[in-house]
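Next come two complexes built around subunit A: one with subunit B, the other with subunit C.
Up next is the complex of A and B:
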(Lines of atoms letter the chains of each structure in order from A and count residues from 1; the text may use other names and numbers.)
(Lines give C-alpha, C1' and ligand atoms only; values in the text may rest on other atoms or scores of the structure.)
Protein backbone atom coordinates (compact mmCIF):
# COMPACT_ATOMS: atom_id res chain seq x y z
CA UNK A 1 0.00 0.00 0.00
CA UNK A 2 1.74 3.23 -1.09
CA UNK A 3 2.26 6.27 1.11
CA UNK A 4 -0.62 8.68 1.78
CA UNK A 5 1.44 11.42 0.15
CA UNK A 6 2.01 9.23 -2.90
CA UNK A 7 -1.75 8.70 -3.20
CA UNK A 8 -2.29 12.43 -3.01
CA UNK A 9 0.31 12.95 -5.74
CA UNK A 10 -1.41 10.37 -7.96
CA UNK A 11 -4.73 12.14 -7.43
CA UNK A 12 -3.09 15.46 -8.35
CA UNK A 13 -1.62 13.99 -11.54
CA UNK A 14 -5.00 12.65 -12.64
CA UNK A 15 -6.68 15.97 -11.83
CA UNK A 16 -4.10 18.01 -13.73
CA UNK A 17 -4.38 15.71 -16.73
CA UNK A 18 -8.19 16.05 -16.80
CA UNK A 19 -8.32 19.84 -16.39
CA UNK A 20 -5.22 21.06 -18.17
CA UNK A 21 -6.96 22.37 -21.31
CA UNK A 22 -9.69 24.12 -19.33
CA UNK A 23 -7.20 25.77 -16.99
CA UNK A 24 -5.04 26.92 -19.89
CA UNK A 25 -8.04 28.44 -21.67
CA UNK A 26 -9.13 30.39 -18.57
CA UNK A 27 -5.55 31.47 -17.94
CA UNK A 28 -5.23 32.73 -21.49
CA UNK A 29 -8.38 34.82 -21.13
CA UNK A 30 -7.36 36.15 -17.70
CA UNK A 31 -3.85 37.18 -18.87
CA UNK A 32 -4.85 38.65 -22.25
CA UNK A 33 -4.24 42.41 -22.27
CA UNK A 34 -6.45 43.10 -25.29
CA UNK A 35 -9.67 41.71 -23.79
CA UNK A 36 -12.01 43.90 -21.67
CA UNK A 37 -11.32 43.94 -17.93
CA UNK A 38 -14.74 42.48 -17.01
CA UNK A 39 -14.13 39.32 -19.05
CA UNK A 40 -10.62 38.93 -17.63
CA UNK A 41 -11.91 39.32 -14.09
CA UNK A 42 -14.61 36.69 -14.63
CA UNK A 43 -12.02 34.28 -16.04
CA UNK A 44 -9.78 34.81 -13.02
CA UNK A 45 -12.69 34.11 -10.64
CA UNK A 46 -13.38 30.87 -12.52
CA UNK A 47 -9.72 29.93 -12.19
CA UNK A 48 -9.91 30.46 -8.42
CA UNK A 49 -12.73 27.91 -8.15
CA UNK A 50 -10.48 25.04 -9.34
CA UNK A 51 -9.36 22.70 -6.53
CA UNK A 52 -5.77 22.01 -5.46
CA UNK A 53 -5.70 18.64 -7.23
CA UNK A 54 -5.97 20.43 -10.59
CA UNK A 55 -2.99 22.73 -10.13
CA UNK A 56 0.27 21.59 -11.82
CA UNK A 57 2.35 22.90 -8.92
CA UNK A 58 0.82 20.19 -6.70
CA UNK A 59 2.55 17.47 -8.73
CA UNK A 60 5.88 16.35 -7.23
CA UNK A 61 8.30 13.66 -8.40
CA UNK A 62 8.51 11.15 -5.55
CA UNK A 63 10.74 8.14 -4.99
CA UNK A 64 9.11 5.12 -6.66
CA UNK A 65 10.36 2.76 -3.91
CA UNK A 66 9.75 4.65 -0.67
CA UNK A 67 7.66 7.69 -1.66
CA UNK A 68 10.20 10.16 -0.29
CA UNK A 69 9.58 13.68 -1.57
CA UNK A 70 13.08 15.08 -1.10
CA UNK A 71 16.45 14.03 -2.48
CA UNK A 72 14.92 12.36 -5.56
CA UNK A 73 17.20 11.74 -8.55
CA UNK A 74 14.96 12.23 -11.63
CA UNK A 75 16.91 9.96 -13.94
CA UNK A 76 16.13 6.92 -11.81
CA UNK A 77 13.01 8.08 -9.96
CA UNK A 78 14.69 7.08 -6.69
CA UNK A 79 15.54 8.92 -3.52
CA UNK A 80 19.24 9.23 -2.65
CA UNK A 81 19.39 6.32 -0.22
CA UNK A 82 17.52 3.90 -2.51
CA UNK A 83 19.75 4.99 -5.38
CA UNK A 84 22.81 4.13 -3.27
CA UNK A 85 21.40 0.75 -2.22
CA UNK A 86 20.59 -0.27 -5.79
CA UNK A 87 23.83 1.10 -7.21
CA UNK A 88 25.88 -0.91 -4.70
CA UNK A 89 23.81 -4.00 -5.57
CA UNK A 90 24.63 -3.45 -9.32
CA UNK A 91 20.95 -3.04 -10.14
CA UNK A 92 21.44 0.24 -12.02
CA UNK A 93 23.01 -0.26 -15.48
CA UNK A 94 26.38 1.41 -15.93
CA UNK A 95 26.44 3.02 -12.45
CA UNK A 96 29.51 2.25 -10.39
CA UNK A 97 31.46 3.75 -7.52
CA UNK A 98 33.42 6.73 -8.81
CA UNK A 99 37.10 6.91 -8.17
CA UNK A 100 39.58 9.27 -9.80
CA UNK B 1 48.30 -4.87 -34.84
CA UNK B 2 45.81 -7.09 -33.04
CA UNK B 3 42.61 -5.45 -31.85
CA UNK B 4 43.02 -4.60 -28.19
CA UNK B 5 39.96 -6.47 -27.00
CA UNK B 6 40.91 -9.65 -28.89
CA UNK B 7 44.54 -9.91 -27.79
CA UNK B 8 43.56 -11.90 -24.71
CA UNK B 9 41.06 -13.90 -26.78
CA UNK B 10 43.83 -14.90 -29.24
CA UNK B 11 46.16 -16.05 -26.46
CA UNK B 12 43.28 -17.94 -24.81
CA UNK B 13 42.52 -19.67 -28.12
CA UNK B 14 46.18 -20.67 -28.51
CA UNK B 15 46.31 -22.10 -25.01
CA UNK B 16 43.05 -23.99 -25.60
CA UNK B 17 44.35 -25.42 -28.91
CA UNK B 18 47.61 -26.53 -27.30
CA UNK B 19 45.74 -28.01 -24.34
CA UNK B 20 43.32 -29.99 -26.53
CA UNK B 21 45.72 -31.14 -29.26
CA UNK B 22 46.98 -34.73 -29.16
CA UNK B 23 49.57 -34.68 -31.99
CA UNK B 24 53.25 -33.98 -31.40
CA UNK B 25 53.38 -30.94 -33.64
CA UNK B 26 50.86 -28.67 -31.90
CA UNK B 27 53.46 -26.16 -30.74
CA UNK B 28 54.80 -25.55 -34.23
CA UNK B 29 51.29 -25.40 -35.77
CA UNK B 30 49.96 -23.03 -33.13
CA UNK B 31 53.10 -20.90 -33.40
CA UNK B 32 52.74 -20.65 -37.17
CA UNK B 33 49.01 -19.92 -37.00
CA UNK B 34 49.52 -17.37 -34.26
CA UNK B 35 51.98 -15.38 -36.41
CA UNK B 36 50.19 -12.47 -38.08
CA UNK B 37 49.48 -13.14 -41.77
CA UNK B 38 51.76 -11.89 -44.51
CA UNK B 39 52.09 -8.16 -44.24
CA UNK B 40 51.34 -5.65 -45.75
CA UNK B 41 47.60 -6.04 -45.13
CA UNK B 42 46.67 -2.82 -46.88
CA UNK B 43 47.75 -3.98 -50.33
CA UNK B 44 46.00 -7.35 -50.15
CA UNK B 45 42.40 -7.77 -51.24
CA UNK B 46 39.98 -9.12 -48.67
CA UNK B 47 39.93 -12.51 -50.35
CA UNK B 48 43.73 -12.79 -50.40
CA UNK B 49 43.98 -11.76 -46.75
CA UNK B 50 41.27 -14.27 -45.81
CA UNK B 51 43.10 -17.00 -47.71
CA UNK B 52 46.32 -16.33 -45.82
CA UNK B 53 44.66 -16.97 -42.45
CA UNK B 54 43.55 -20.53 -41.80
CA UNK B 55 41.86 -20.39 -38.42
CA UNK B 56 40.47 -17.66 -36.22
CA UNK B 57 40.17 -14.87 -38.77
CA UNK B 58 37.47 -13.17 -36.74
CA UNK B 59 39.81 -12.96 -33.78
CA UNK B 60 42.48 -11.04 -35.68
CA UNK B 61 42.35 -7.39 -36.61
CA UNK B 62 39.82 -6.76 -39.41
CA UNK B 63 41.03 -6.00 -42.94
CA UNK B 64 40.15 -2.40 -43.74
CA UNK B 65 39.33 -2.09 -47.44
CA UNK B 66 40.73 1.00 -49.17
CA UNK B 67 38.37 3.78 -50.32
CA UNK B 68 37.65 3.67 -54.06
CA UNK B 69 36.16 7.16 -54.63
CA UNK B 70 35.98 8.84 -51.23
CA UNK B 71 32.18 9.31 -51.30
CA UNK B 72 30.65 9.03 -47.80
CA UNK B 73 27.93 6.36 -47.52
CA UNK B 74 27.18 6.19 -43.81
CA UNK B 75 28.39 7.10 -40.33
CA UNK B 76 27.81 4.55 -37.55
CA UNK B 77 27.77 5.71 -33.92
CA UNK B 78 28.12 3.20 -31.09
CA UNK B 79 27.55 3.96 -27.43
CA UNK B 80 27.79 1.85 -24.33
CA UNK B 81 28.48 1.98 -20.58
CA UNK B 82 30.96 -0.92 -20.98
CA UNK B 83 34.05 -0.19 -23.13
CA UNK B 84 35.12 -3.82 -23.67
CA UNK B 85 31.73 -4.89 -25.03
CA UNK B 86 31.74 -1.78 -27.20
CA UNK B 87 35.19 -2.46 -28.64
CA UNK B 88 34.24 -6.07 -29.27
CA UNK B 89 31.10 -5.07 -31.18
CA UNK B 90 32.95 -2.45 -33.23
CA UNK B 91 35.51 -5.15 -34.09
CA UNK B 92 32.62 -7.39 -35.17
CA UNK B 93 31.10 -4.56 -37.23
CA UNK B 94 34.44 -3.93 -38.98
CA UNK B 95 34.68 -7.61 -39.90
CA UNK B 96 31.10 -7.59 -41.18
CA UNK B 97 31.74 -4.53 -43.34
CA UNK B 98 34.94 -6.05 -44.71
CA UNK B 99 33.07 -9.22 -45.62
CA UNK B 100 30.41 -7.20 -47.47
CA UNK B 101 33.10 -5.24 -49.31
CA UNK B 102 32.29 -1.90 -47.67
CA UNK B 103 35.34 0.34 -47.11
CA UNK B 104 35.25 1.36 -43.44
CA UNK B 105 37.37 3.79 -41.49
CA UNK B 106 39.19 2.78 -38.32
CA UNK B 107 37.08 3.29 -35.17
CA UNK B 108 37.41 6.75 -33.64
CA UNK B 109 36.91 7.30 -29.90
CA UNK B 110 34.66 10.29 -29.26
CA UNK B 111 35.02 11.92 -25.81
CA UNK B 112 33.55 9.81 -23.00
CA UNK B 113 30.59 11.42 -21.20
CA UNK B 114 30.69 11.14 -17.44
CA UNK B 115 27.67 11.61 -15.17
CA UNK B 116 28.44 11.94 -11.46
CA UNK B 117 26.11 11.67 -8.45
CA UNK B 118 27.20 12.52 -4.92
CA UNK B 119 24.84 10.97 -2.41
CA UNK B 120 24.65 10.84 1.39
CA UNK B 121 25.65 7.43 2.66
CA UNK B 122 23.00 7.24 5.37
CA UNK B 123 19.22 7.54 5.10
CA UNK B 124 19.10 10.32 7.70
CA UNK B 125 21.48 13.23 8.39
CA UNK B 126 25.31 12.71 8.41
CA UNK B 127 26.01 15.19 5.66
CA UNK B 128 29.77 14.89 6.10
CA UNK B 129 29.93 11.31 4.83
CA UNK B 130 28.93 11.00 1.19
CA UNK B 131 29.66 8.65 -1.68
CA UNK B 132 30.34 9.32 -5.36
CA UNK B 133 28.75 7.27 -8.12
CA UNK B 134 29.38 7.74 -11.81
CA UNK B 135 28.19 6.44 -15.14
CA UNK B 136 30.52 6.65 -18.12
CA UNK B 137 29.13 6.57 -21.67
CA UNK B 138 31.82 5.45 -24.11
CA UNK B 139 31.42 6.35 -27.76
CA UNK B 140 32.89 5.05 -30.98
CA UNK B 141 32.35 6.27 -34.55
CA UNK B 142 33.04 4.44 -37.77
CA UNK B 143 32.57 5.81 -41.31
CA UNK B 144 31.50 3.78 -44.32
CA UNK B 145 32.52 4.95 -47.82
CA UNK B 146 31.70 4.33 -51.45
CA UNK B 147 29.36 1.33 -51.09
CA UNK B 148 25.97 0.98 -52.79
CA UNK B 149 23.14 2.21 -50.50
CA UNK B 150 21.49 -1.24 -50.55
CA UNK B 151 24.71 -2.83 -49.31
CA UNK B 152 24.99 -0.23 -46.56
CA UNK B 153 21.36 -0.95 -45.57
CA UNK B 154 22.18 -4.67 -45.46
CA UNK B 155 25.16 -4.00 -43.22
CA UNK B 156 23.11 -1.85 -40.84
CA UNK B 157 20.29 -4.43 -40.70
CA UNK B 158 22.79 -7.21 -40.02
CA UNK B 159 24.37 -5.24 -37.18
CA UNK B 160 20.96 -4.36 -35.73
CA UNK B 161 20.00 -8.04 -35.80
CA UNK B 162 23.18 -9.15 -34.05
CA UNK B 163 23.72 -6.20 -31.76
CA UNK B 164 25.54 -6.97 -28.50
CA UNK B 165 23.47 -6.39 -25.33
CA UNK B 166 24.39 -3.10 -23.74
CA UNK B 167 25.45 -1.38 -26.98
CA UNK B 168 23.40 1.25 -28.77
CA UNK B 169 23.87 1.98 -32.46
CA UNK B 170 22.85 4.93 -34.60
CA UNK B 171 23.36 5.05 -38.37
CA UNK B 172 23.39 8.22 -40.47
CA UNK B 173 23.14 7.33 -44.14
CA UNK B 174 23.72 9.29 -47.33
CA UNK B 175 22.28 8.38 -50.71
CA UNK B 176 22.03 10.02 -54.12
CA UNK B 177 18.75 11.76 -54.96
CA UNK B 178 17.50 12.77 -58.43
CA UNK B 179 17.46 16.42 -59.50
CA UNK B 180 14.31 18.26 -58.36
CA UNK B 181 13.91 16.18 -55.18
CA UNK B 182 13.49 19.30 -53.04
CA UNK B 183 10.56 20.59 -55.06
CA UNK B 184 8.85 17.17 -55.08
CA UNK B 185 9.25 16.86 -51.31
CA UNK B 186 7.78 20.33 -50.85
CA UNK B 187 4.79 19.49 -53.06
CA UNK B 188 4.09 16.25 -51.22
CA UNK B 189 4.34 18.05 -47.86
CA UNK B 190 1.98 20.83 -48.95
CA UNK B 191 -0.47 18.23 -50.17
CA UNK B 192 -0.70 16.89 -46.62
CA UNK B 193 -0.76 20.26 -44.85
CA UNK B 194 -3.85 22.29 -44.08
CA UNK B 195 -3.53 25.21 -46.49
CA UNK B 196 -6.77 26.97 -45.49
CA UNK B 197 -5.06 30.35 -45.09
CA UNK B 198 -3.55 30.27 -48.57
CA UNK B 199 -6.71 28.92 -50.17
CA UNK B 200 -8.81 31.57 -48.45
CA UNK B 201 -6.51 34.36 -49.56
CA UNK B 202 -6.53 33.13 -53.13
CA UNK B 203 -10.28 32.81 -53.11
CA UNK B 204 -10.66 36.31 -51.76
CA UNK B 205 -8.30 37.62 -54.41
CA UNK B 206 -10.20 35.82 -57.18
CA UNK B 207 -13.50 37.11 -55.82
CA UNK B 208 -12.10 40.62 -55.67
CA UNK B 209 -10.96 40.49 -59.27
CA UNK B 210 -14.36 39.15 -60.31
CA UNK B 211 -16.09 42.00 -58.52
CA UNK B 212 -13.76 44.53 -60.14
CA UNK B 213 -14.53 43.16 -63.58
CA UNK B 214 -18.26 43.17 -62.88
CA UNK B 215 -18.08 46.76 -61.71
CA UNK B 216 -16.07 47.78 -64.74
CA UNK B 217 -18.57 46.07 -67.03
CA UNK B 218 -21.48 47.77 -65.26
CA UNK B 219 -19.71 51.13 -65.47
CA UNK B 220 -19.05 50.64 -69.18
CA UNK B 221 -22.72 49.78 -69.77
CA UNK B 222 -23.83 52.81 -67.81
CA UNK B 223 -21.45 55.01 -69.75
CA UNK B 224 -22.69 53.53 -73.06
CA UNK B 225 -26.37 54.14 -72.02
CA UNK B 226 -25.57 57.71 -70.99
CA UNK B 227 -23.83 58.25 -74.30
CA UNK B 228 -26.87 56.90 -76.11
CA UNK B 229 -29.21 59.04 -74.01
CA UNK B 230 -27.07 62.14 -74.59
CA UNK B 231 -26.93 61.43 -78.27
CA UNK B 232 -30.62 60.89 -78.41
CA UNK B 233 -31.26 64.05 -76.34
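Up next is the complex of A and C:
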Protein backbone atom coordinates (compact mmCIF):
# COMPACT_ATOMS: atom_id res chain seq x y z
CA UNK A 1 0.00 0.00 0.00
CA UNK A 2 1.59 3.30 -1.07
CA UNK A 3 1.67 6.11 1.45
CA UNK A 4 -0.78 9.01 1.49
CA UNK A 5 1.51 11.39 -0.40
CA UNK A 6 1.86 8.92 -3.24
CA UNK A 7 -1.91 8.41 -3.30
CA UNK A 8 -2.36 12.18 -3.49
CA UNK A 9 0.16 12.33 -6.30
CA UNK A 10 -1.68 9.58 -8.20
CA UNK A 11 -4.90 11.53 -7.74
CA UNK A 12 -3.23 14.64 -9.11
CA UNK A 13 -1.90 12.72 -12.09
CA UNK A 14 -5.34 11.43 -13.00
CA UNK A 15 -6.84 14.89 -12.50
CA UNK A 16 -4.29 16.47 -14.80
CA UNK A 17 -4.87 13.80 -17.42
CA UNK A 18 -8.65 14.24 -17.31
CA UNK A 19 -8.65 18.05 -17.54
CA UNK A 20 -5.60 18.70 -19.69
CA UNK A 21 -7.30 19.37 -23.01
CA UNK A 22 -9.91 21.74 -21.58
CA UNK A 23 -7.29 23.59 -19.57
CA UNK A 24 -5.09 23.96 -22.64
CA UNK A 25 -8.00 25.45 -24.57
CA UNK A 26 -8.64 28.01 -21.84
CA UNK A 27 -4.93 28.76 -21.59
CA UNK A 28 -4.82 29.38 -25.32
CA UNK A 29 -7.66 31.90 -25.10
CA UNK A 30 -6.38 33.58 -21.96
CA UNK A 31 -2.84 34.04 -23.26
CA UNK A 32 -3.79 35.07 -26.78
CA UNK A 33 -3.13 38.81 -27.09
CA UNK A 34 -5.03 39.07 -30.36
CA UNK A 35 -8.35 38.30 -28.65
CA UNK A 36 -10.42 40.97 -26.87
CA UNK A 37 -9.52 41.58 -23.24
CA UNK A 38 -13.01 40.69 -22.05
CA UNK A 39 -12.82 37.20 -23.57
CA UNK A 40 -9.33 36.62 -22.22
CA UNK A 41 -10.43 37.66 -18.75
CA UNK A 42 -13.39 35.28 -18.85
CA UNK A 43 -11.07 32.44 -19.87
CA UNK A 44 -8.75 33.27 -17.00
CA UNK A 45 -11.69 33.18 -14.57
CA UNK A 46 -12.62 29.75 -15.91
CA UNK A 47 -9.04 28.60 -15.40
CA UNK A 48 -9.24 29.69 -11.79
CA UNK A 49 -12.28 27.48 -11.20
CA UNK A 50 -10.29 24.29 -11.85
CA UNK A 51 -9.39 22.31 -8.78
CA UNK A 52 -6.02 22.08 -7.23
CA UNK A 53 -5.24 18.61 -8.57
CA UNK A 54 -5.76 19.54 -12.21
CA UNK A 55 -2.63 21.63 -12.47
CA UNK A 56 0.43 19.85 -13.83
CA UNK A 57 2.65 21.61 -11.30
CA UNK A 58 1.03 19.73 -8.40
CA UNK A 59 2.43 16.48 -9.77
CA UNK A 60 5.73 15.43 -8.27
CA UNK A 61 7.85 12.50 -9.28
CA UNK A 62 8.27 10.57 -6.06
CA UNK A 63 10.27 7.45 -5.36
CA UNK A 64 8.35 4.51 -6.84
CA UNK A 65 9.59 2.23 -4.08
CA UNK A 66 9.25 4.29 -0.90
CA UNK A 67 7.34 7.44 -1.94
CA UNK A 68 10.14 9.73 -0.82
CA UNK A 69 9.85 13.16 -2.44
CA UNK A 70 13.41 14.37 -2.25
CA UNK A 71 16.60 12.95 -3.61
CA UNK A 72 14.82 11.07 -6.37
CA UNK A 73 17.04 10.01 -9.25
CA UNK A 74 14.68 10.60 -12.15
CA UNK A 75 16.33 8.17 -14.54
CA UNK A 76 15.34 5.28 -12.26
CA UNK A 77 12.43 6.88 -10.37
CA UNK A 78 14.08 5.84 -7.12
CA UNK A 79 15.31 7.84 -4.17
CA UNK A 80 19.03 7.85 -3.51
CA UNK A 81 18.98 5.15 -0.84
CA UNK A 82 16.76 2.76 -2.81
CA UNK A 83 18.95 3.42 -5.81
CA UNK A 84 22.05 2.46 -3.84
CA UNK A 85 20.47 -0.66 -2.42
CA UNK A 86 19.17 -1.87 -5.76
CA UNK A 87 22.40 -1.03 -7.52
CA UNK A 88 24.41 -3.00 -4.96
CA UNK A 89 21.98 -5.91 -5.34
CA UNK A 90 22.52 -5.82 -9.13
CA UNK A 91 18.85 -5.07 -9.77
CA UNK A 92 19.57 -2.08 -12.02
CA UNK A 93 20.95 -3.14 -15.41
CA UNK A 94 24.15 -1.31 -16.34
CA UNK A 95 24.68 0.30 -12.94
CA UNK A 96 27.92 -0.52 -11.21
CA UNK A 97 29.64 0.91 -8.18
CA UNK A 98 32.61 3.01 -9.20
CA UNK A 99 36.02 1.92 -8.04
CA UNK A 100 39.43 3.01 -9.27
CA UNK B 1 26.83 48.51 -50.89
CA UNK B 2 23.47 50.14 -50.36
CA UNK B 3 21.44 49.17 -47.30
CA UNK B 4 18.23 47.22 -48.00
CA UNK B 5 15.04 49.11 -47.12
CA UNK B 6 13.21 47.71 -44.03
CA UNK B 7 10.00 47.43 -46.00
CA UNK B 8 11.75 45.18 -48.50
CA UNK B 9 13.06 42.98 -45.67
CA UNK B 10 9.54 42.74 -44.22
CA UNK B 11 8.20 41.74 -47.60
CA UNK B 12 10.89 39.08 -47.84
CA UNK B 13 9.92 37.68 -44.43
CA UNK B 14 6.27 37.62 -45.36
CA UNK B 15 7.05 35.74 -48.52
CA UNK B 16 9.24 33.30 -46.64
CA UNK B 17 6.40 32.62 -44.19
CA UNK B 18 4.06 32.00 -47.10
CA UNK B 19 6.42 29.52 -48.69
CA UNK B 20 7.23 27.54 -45.54
CA UNK B 21 3.69 27.75 -44.11
CA UNK B 22 4.70 29.55 -40.93
CA UNK B 23 2.66 32.35 -39.42
CA UNK B 24 3.79 35.87 -40.17
CA UNK B 25 4.05 37.70 -36.86
CA UNK B 26 6.38 40.69 -37.24
CA UNK B 27 5.46 42.33 -33.92
CA UNK B 28 5.94 39.05 -31.97
CA UNK B 29 2.47 39.26 -30.50
CA UNK B 30 1.57 36.42 -28.13
CA UNK B 31 -0.93 34.14 -29.82
CA UNK B 32 -0.99 31.36 -27.23
CA UNK B 33 -0.01 28.88 -29.92
CA UNK B 34 2.53 27.25 -27.65
CA UNK B 35 -0.26 25.87 -25.46
CA UNK B 36 -1.76 24.12 -28.46
CA UNK B 37 1.55 23.04 -29.93
CA UNK B 38 2.95 21.40 -26.78
CA UNK B 39 2.39 17.68 -26.43
CA UNK B 40 -0.12 16.45 -23.86
CA UNK B 41 1.66 15.41 -20.69
CA UNK B 42 -1.19 13.58 -18.97
CA UNK B 43 -1.00 10.20 -20.74
CA UNK B 44 2.63 9.66 -19.76
CA UNK B 45 2.05 11.13 -16.30
CA UNK B 46 -0.41 8.45 -15.20
CA UNK B 47 2.05 5.66 -15.94
CA UNK B 48 4.77 6.87 -13.57
CA UNK B 49 4.05 4.54 -10.68
CA UNK B 50 4.11 0.83 -11.59
CA UNK B 51 0.79 -0.99 -11.12
CA UNK B 52 0.93 -2.96 -7.93
CA UNK B 53 -1.15 -6.13 -7.75
CA UNK B 54 -2.76 -6.29 -4.31
CA UNK B 55 -5.22 -8.82 -2.96
CA UNK B 56 -8.01 -6.23 -2.89
CA UNK B 57 -7.35 -5.25 -6.50
CA UNK B 58 -7.25 -8.90 -7.57
CA UNK B 59 -10.60 -9.52 -5.89
CA UNK B 60 -12.10 -6.50 -7.60
CA UNK B 61 -11.01 -7.76 -11.03
CA UNK B 62 -13.72 -10.41 -10.84
CA UNK B 63 -11.95 -13.44 -12.27
CA UNK B 64 -14.39 -15.98 -10.85
CA UNK B 65 -12.72 -16.61 -7.51
CA UNK B 66 -11.43 -14.51 -4.64
CA UNK B 67 -8.49 -14.73 -2.27
CA UNK B 68 -8.79 -14.33 1.48
CA UNK B 69 -7.32 -10.92 2.32
CA UNK B 70 -5.52 -11.78 5.53
CA UNK B 71 -4.33 -8.23 6.32
CA UNK B 72 -7.81 -6.79 5.86
CA UNK B 73 -9.29 -9.58 8.01
CA UNK B 74 -6.82 -8.80 10.77
CA UNK B 75 -7.47 -5.05 10.55
CA UNK B 76 -11.23 -5.55 10.90
CA UNK B 77 -10.67 -7.90 13.83
CA UNK B 78 -8.48 -5.23 15.46
CA UNK B 79 -11.20 -2.61 14.99
CA UNK B 80 -13.79 -4.91 16.55
CA UNK B 81 -11.52 -5.59 19.47
CA UNK B 82 -10.93 -1.87 20.01
CA UNK B 83 -14.65 -1.14 19.84
CA UNK B 84 -15.30 -3.87 22.42
CA UNK B 85 -12.88 -2.15 24.80
CA UNK B 86 -14.44 1.23 24.15
CA UNK B 87 -11.42 2.53 22.21
CA UNK B 88 -13.07 2.81 18.81
CA UNK B 89 -13.26 5.85 16.56
CA UNK B 90 -15.53 8.63 17.91
CA UNK B 91 -19.02 9.03 16.46
CA UNK B 92 -19.37 11.30 13.46
CA UNK B 93 -21.05 14.60 14.30
CA UNK B 94 -24.55 14.84 12.78
CA UNK B 95 -24.42 18.64 12.62
CA UNK B 96 -21.87 21.42 12.84
CA UNK B 97 -23.10 22.33 16.32
CA UNK B 98 -22.10 19.04 17.93
CA UNK B 99 -18.74 18.72 16.22
CA UNK B 100 -15.75 18.79 18.51
CA UNK B 101 -14.03 21.31 16.35
CA UNK B 102 -16.63 23.92 17.21
CA UNK B 103 -16.44 23.30 20.95
CA UNK B 104 -12.67 23.42 20.95
CA UNK B 105 -12.46 26.86 19.34
CA UNK B 106 -14.49 28.72 21.97
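Operating definition for what follows: the second predicted complex is superposed on the first by the 99 of 100 C-alpha atoms of A that agree within 3 Å, B and C clash if a C-alpha of one lies under 4 Å from a C-alpha of the other, contacts with A are read in each partner's own complex, and residues count from 1 in each chain.
The rule we apply is simple: contacts are C-beta pairs under 8 Å (C-beta built on N, C-alpha and C of every residue); 3 or more make two chains touch, one makes a residue touch a chain.
Quantities reported herein were computed from a predicted structural model and do not represent experimental measurements.
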item	value
Superposition on subunit A - do subunit B and subunit C clash or fit	fit
Dominant toucher of subunit A (residue count), subunit B or subunit C	C
First (subunit B), second (subunit C), both or neither touched by A:93	first
Subunit B versus subunit C as contact partner of A:73, first or second or both or neither	first
Which superposed partner A:20 touches (first subunit B, second subunit C, both, neither)	second
Which of subunit B and subunit C A:47 touches, first, second, both or neither	neither
Partner chain in contact with A:83 - subunit B first, subunit C second, else both or neither	first
Contacts of A:31 with subunit B and subunit C, given as first, second, both or neither	second
Smallest distance from any CA atom of subunit C to any CA atom of subunit B, in Å, after fitting	11
Residue numbers on subunit A that touch subunit B, as the complex places them	71, 73, 80-81, 83-84, 87, 93-99
Subunit B to subunit A touching residues, read off their complex	81-82, 116-117, 119-123, 131-137, 166
Subunit C residues within the subunit A interface of the complex	29-33, 35-36, 38, 40-43, 45-46, 48-50, 52, 54
Subunit C-touching residues of subunit A, taken from the complex the two chains share	1-2, 6, 9-10, 13-14, 16-18, 20-21, 24, 27-34, 56, 59, 61, 64, 77
